[in-house]
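Next come two complexes, and both contain chain A; in the first it sits with chain B, in the second with chain C.
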Partner chain A sequence: MSASVNGNGADPVASRSLLSVRDLRLGVGGEDSGFEPVVGATLRADRGEVVGVVGESGSGKSLTMRAIAGLLPPGVELRGGAIDVDGIDVATASKAQLRKLHGEKVGMIFQEPMTALNPTMRIGTQIAEAARAHHDVSRAEAKRRAIELLGRMGFADPENRYRLYPHELSGGMRQRVVIAIALAGEPGLLLCDEPTTALDATVTMRVLDLLVGLASEFDIGVIIVTHDLGVAARICDRIVVMYAGRMVEEGPAGEVLRRPRHPYTLALLRAVPTRDSTIQDLRAIPGSPPRPGDDLPGCPFAPRCEFAEPACLGPVEVTAVGDGRMTACRRHEVLAGMVSARG
Partner chain B sequence: MTEEMISPPARVLDSDRGRIGRSIGGAVRRHVGGNVSLAIGIGIVGLMVLLAAFASVIAPYDPLKQDVANALLAPGEAGHLLGTDQLGRDVLSRLLYGARLDIFVALGSVIFPFTIGIAIGIVAGFRGGWVDSLLVGVIDVVFAFPVLVLLIALLFVLGPGILTIIVAITLVDWVAYAQLTRTSARRERNQEYILAARTGGIPVWRILLRHMLPNIIAQPVVLAFSDALLIILTITTLGFLGLGVPPPQPDWGTMISEAQPYLSTQWWLGVAPGVAIIFTGLGLSLIADSLAERLDAR
Partner chain C sequence: MTYAHFIGRRLLHVIPVVFGVTFVVFWLIHLVPGDPARTALGFHATPQAIAHLHHEWGLDQSLPAQYINYLGRLIRGDLGTSFRFQDSAGALIVERLPVTLWLIGYSAFLISLIAGPLALLAASKPGAMRDRLVRIFSIAGLGIPGFWLGLILIQYIAIEARILPAAGFGEGFMGHVESMFLPSLTIAVGIIPLVVRSLRAEVLKVADSEFVVTARAKGLSERRIRLRHVLRNALPPSVTILTINIGFLVGGTVVIERVYGLGGVGDLMLTAINARDFPIVQAVTLFFALIVIVINFFGDLLQALLDPRLETQ
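Take a look at the complex of A and B:
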C-alpha cells in the first residue's frame, strides 16, 4: 500500500511537523509463520495539534503507539515503514537517541492510571525523577518543577500533594499525575493510549480538557488513541481511523465525522448513540473484525461492508480526497454522494 | 482464602528441593492469628540473637575449657545448669557460643544469596533474551543437584571453616532467590508503571532499583526467613556430619554429633542443642509465615 499524497495541503510545514509514520508494518513471530497486527499504519502530527486515532480493539492502535515510543513488547518486530519523531528515526535509533526519544521527545500516558504509577514511591518523587532524567537540574529545582506541574494539572495545594502516594489519590487525580510525569521531560509529543477509558464520565472531560489545553499552551502534539468517537469529536483537530492494523481514513475531525469517506467510519458512527437517534437507529457492524493471522486480500473491511463489490478484493490504494483527507476505500465517491444526499 | 494456603516459599522449597514439609509457623498462625504469631516469632528470634550476642557475658564458663574430672555431669550438678559433655565442658556455655556461631553463619549465608540472587534475577527477568535463558539453565542445573551432596563436595574442595560454609551455601542457595525474583521481574516489567518509567527515559539501573525492586522485594524477604531456618538446619547437619565448623568451636550440629554415643545414658547432651535448633526454627518459621500472609506475597 502506498500513500500517494497529491499535495492538497497534506504536506505540513516542515518545522511544525513532529511525527510522521509511514506504512508501518509490525510483525509477530517468524517472518514466514507469524502474522502482522499492523500493516500499513500512516500517521502524522504537528505541534499544537490534537490527533485522534480511532478504531476497535485489536486494530493495532496501541501497538502503533508503542512503536512510536520505541517500546514494542517482546516478540513484536518492526518489519517495514518509517517512524520519524522530531528528527529521530525510531527504527534505526541508537541507544543514545532512544534515551533522547524517551521523555525528551515523546511522553506516554497509559489507559490505567492505577497501574501506571509506582505504588511504592511518592507522586512528587516520581515527577521529579522524570524531570531529572533529562535535565541537569538539582534535586530542589526538580522538586520545584514537580510542584509547579502538579499545580498546572489542577491540584490544589501542590506542595502537600507532592508527598502523597498513588493509593491516596482518586482515579482522575492519578491520571493527572501520570500526565505530569509524561510532561516532566518536556516532550514535544504526548502519546495518550486510551487515557480516559478507566475514568468516570465526569472526570473524563476534565482530563480531556487538560490535554487540549496543554497542546496549545506548551505547543506540543497530542495523539489520543480512543475507541470513543465522542471523545474524538470533542477534542481532536484531526482523526485517523484504523481497522485491522491499517489506516483506513484520515482527515480533519469535523469533516471525517460529518462526511465519512470510508464505510467503516460510517459504520462506527452509526453504532454511536446520539441525542436524536433512538435505540432502533443504532446499528451494530455485521460480522466480526478479522482475527489476527487471517489472510486478507484487498480491503480488510470488505467482508463486512455493505458497499463492497468484487473489485474491493483487489489491491487497496490510499487516495487523497481533498481538504487534506485520505481514504483507503475505492468506492469513496459513492459514499460521498450518499452521505451528502442524506444531508 | 489464606486458610489452606501454604506459604509460597515453603511450597517452592517443598517441590523443588524437598528439604522441609509444611511450615510449623502456618499451623500456629491458624490458631492464634497473624499478629500474635509474628510477635512470638520476633520474640523468639530476638531472644536467640540477644543470647548469642551477649554469650560472653551470660555464659557461666569458658565453652572450650575441658575438665575431664567433671565430665558427663547431669544437669544441675556442680553448678552446671545443663551438665557437662564428655570432655567436661559446660553444655549451657557451649550452647550459647554455638548460637553465636550458628546465627552468625546463618546470617551470612542468607545475606549473600539474598543479595546476589535478587541482583541476578531482576536483571535477567527484566532483560529477557539470552541472559534470561542462561540463568534458567543454570538454575535448573543447580536445582537438579541434591543440595547436601553439592555442599559436601564444595566443602571438600574449599576446605573446612566458617567462611567456606558461607561461600558454599551462597553458591547453592542464590538460585532460589534468583528464580523467585526473575519470575516477579518478568511479570512486573510489562506493568504500565515500568513502561511509563521507560518511556520517561529513566536509566535502567534506576528503574530496577527504585521502581521494580520495592514492588517485588516482599517475596524474597519472606523466603529469606524460611531460608534462614533451613540454613541453620543445613549448618547443623554439616556439623553433625563432621563437615561443619571445625572443633573445638561449639556448634549445635557438632554438639549433637558428639552426644550420639551417650544418647541412652546422658540424653540431655543431644536434646539440649536439638531443642535450641527447634526453638530458633519455630521463631523463624513464625516470622516467615506471618510475613507471607501480611505482605500477601503471591
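Take a look at the complex of A and C:
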C-alpha cells in the first residue's frame, strides 16, 4: 500500500474557511423529556472543497445540514455547540442575518426534487425570485440570470425551458433546477442533502459531476450528505462519518475509505458490494443503530463493534491521528494494524 | 392538451347535465299533488272550465307527450308560458335576473374578501387565541339560520341604526351596492365558515411542504412565502368548496330574496310553486341548474389557471 495520499485541502489556509461546526447538539422536545438526535457533530468546510457526510439514516446528517442552513424543522432546537458560516453565528443570528444566510451564504439542495419545487410556479420564476431576494436587480435582469443559470445547468434552449412547470420535467432536470435555485443567490457554501437518492444511476453521475464542477468553477464549498460510499469516494475531497448523531471519523476521502480509523467506517465499507465481491463477502453490520432517546454513555457503536472492550463504554474522545484525520475510536491503533495487515 | 381543449371538453359535459335536469324536474313536479287549473280558477270552478283550461295548457295529454313537447320547445329556445302571468317564462326570468345575479356575485365577493384573511389569520398560529376566535365565529356562522340572521340585520342595522336600507334593490350601481349588502352578507355568513375551515387546513398542510422550505432557503420574505408559495397552492381545494357552495347558495337566494323583499328569480320560484305554475317552476329550476353549471365551469377554469398540472390531465 502506498505511503500517504496527498489529500486535497489537507492544509487549509485559515482565510479560506467557510464553515465551522463545533460540538453541535440538537434536541427535540423539552430539555428534560426530549431526546437529542445530534450530539457533538463537528464539521468544517473550505472554499473549493467537496466534503462528504456519510452515515446511516437517522445518524443526524440531514438535521445537521438543516441546522447549518438555519432551517431546523419546527420542534427541533439548538442546544449546544457553535455554527459559524462565513462570519455568521447561526445560533444567535438576527432576522436580517438569517435572510442573508438563506441563499446568499448557504444554498440548499434537497433529496426529493419532486417536492422541493413549487408545483404552481414556472421553474424560471422560482430561480429568478431567489436571485431577486439577494441582489437588487430588475425583473428582466433576474430573468436573464435565471436563463443563464439554466444554461449552465445543461438545459438546452433555456429561454423556452424557463417557462416550464416542474411537472413537465424529468427527475434529473428538476434536481438541476433545484441546484440552479440554490446557486441563484451566489452562495459560498452549497449544502446537498442526499441530492441523488431519488435519481437514476446515470443521472446521478451527471448531477454529481455538475456539483464538483461548480465547486471548482465558483470556488464554493460543497457539502454532500450521502449514505452511498461510492458517491463519496467519487467526488469528495474530505469525508466526515456520522453515527448516532456524532462525528465518529473525519479525514481526506482516499485515506478514510482506504484505511478507516473507526470500526463503523470499516463496517460501512464492508457492506458495499464491489465488482469482485460475492454475496458471502458482504457483511451486514450486526445489531441495529441506537434508537433516538437511548442513553449512550460511551461509544455509541460499541454494542455492535467487534473491536469493543469494556473501556469503550467510558467517555469517548475525538483524537487526531495524523494526515489531518480524526477518529472517535479509542482502539483506532488496533484497527489500523489490522487494516494494514490485510491491505 | 391546450387550454382551449380543456374548455371545449368541459362545455361538452354541460349537455347531458342540462338534459338530466329537465328530466328530473319535469317528473318531480308532476309527482307533487295540486292542479294548476284548480288553483287558477278557484275551488268552485266547473269541471268544464277546468277541462277547457287543461286542454289550453296541454295538460290533457299524456305525461310522456307533455315532456316531449316541453323538450321540443326548449330546443327552439322557448322556456314555456306562465299559466298565471300569461307571459313567457324566459321574459319573466330575465326581468328578475339582475337581482339574483347581484346577490350571487356580491355574496361570492364577500365570501372571498372575508374568508381569505380569516383563514390566513387562523393558520398563522394554529392553536393560538386568534385561531380559536376564528373557529368560534365559524361555528356560530354555521349555526345561524339565514332567514333569522336576515331579520336580525334588518331590525338592528337597517331599521334601528338606519345604516343601510331594509329592503329593495336600490337605484344605480352604488344603490345596488348599498341595498344588496345585507342580503349578500346574510348568505355569505353561512358559507364563510366552510371556506375558512378548508382554506385554513390547506394552508397548514401546504406550509409543511418541502417547497416551502426551499422558498425559505432562498431567503424570500415571510410575506412572499405565505402569499406566493403557501396561499397560492392552498387555494384550489377552497375554490372547489366555494363553487359547490355557491350552488347551494343559489337555492338559498329563494328564502333571502323573500326576507329582504327583493323580487328576484328565487321569489318568482316561490310564487310559481304555490300556484302550481309548472312552466315557471321548470324554467326557473333549469335556470338555477344552468347557473350552478356555469359557476362550476368557471370554478374549473380557475382551478386550471391556479394549478398548471390540471390542464394536462
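The definition used in the following text is that the second predicted complex is superposed on the first by the 331 of 343 C-alpha atoms of A that agree within 3 Å, B and C clash if a C-alpha of one lies under 4 Å from a C-alpha of the other, contacts with A are read in each partner's own complex, and residues count from 1 in each chain.
Keep in mind that, in the parts below, contacts are C-beta pairs under 8 Å (C-beta built on N, C-alpha and C of every residue); 3 or more make two chains touch, one makes a residue touch a chain.
These numbers were taken from a predicted model, which means no experiment stands behind them.
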Clash or fit (per the criteria above) of chain B with chain C on chain A: clash
Partner chain(s) touched by A:Phe307 [first = chain B, second = chain C, both, neither]: neither
Which of chain B and chain C A:Arg99 touches, first, second, both or neither: both
Contacts of A:Thr120 with chain B and chain C, given as first, second, both or neither: both
Touching partner for A:His167 - first (chain B), second (chain C), both, neither: second
Touched partner set for A:Phe35, first chain B, second chain C, both or neither: neither
Contact residues common to both interfaces of chain A (with chain B and with chain C): 69, 71, 99-104, 106-108, 110, 112, 115-121, 129-130, 133-134, 178, 181-182, 184-185
Chain C residues touching chain A - in the complex, by the definition given at the top: 209-211, 213-221, 224, 228-229, 232-233, 306-309, 312
Chain A - residues contacting chain C, complex: 69, 71, 99-104, 106-108, 110, 112, 115-121, 129-130, 133-134, 165, 167, 178, 181-182, 184-185
For the chain B and chain A complex, residues of the former touching the latter: 128, 190-193, 195-203, 206, 210-211, 214-215
Chain B contact footprint on chain A (complex, rising order): 69, 71, 73-74, 99-104, 106-108, 110-112, 115-121, 129-130, 133-134, 178, 181-182, 184-185
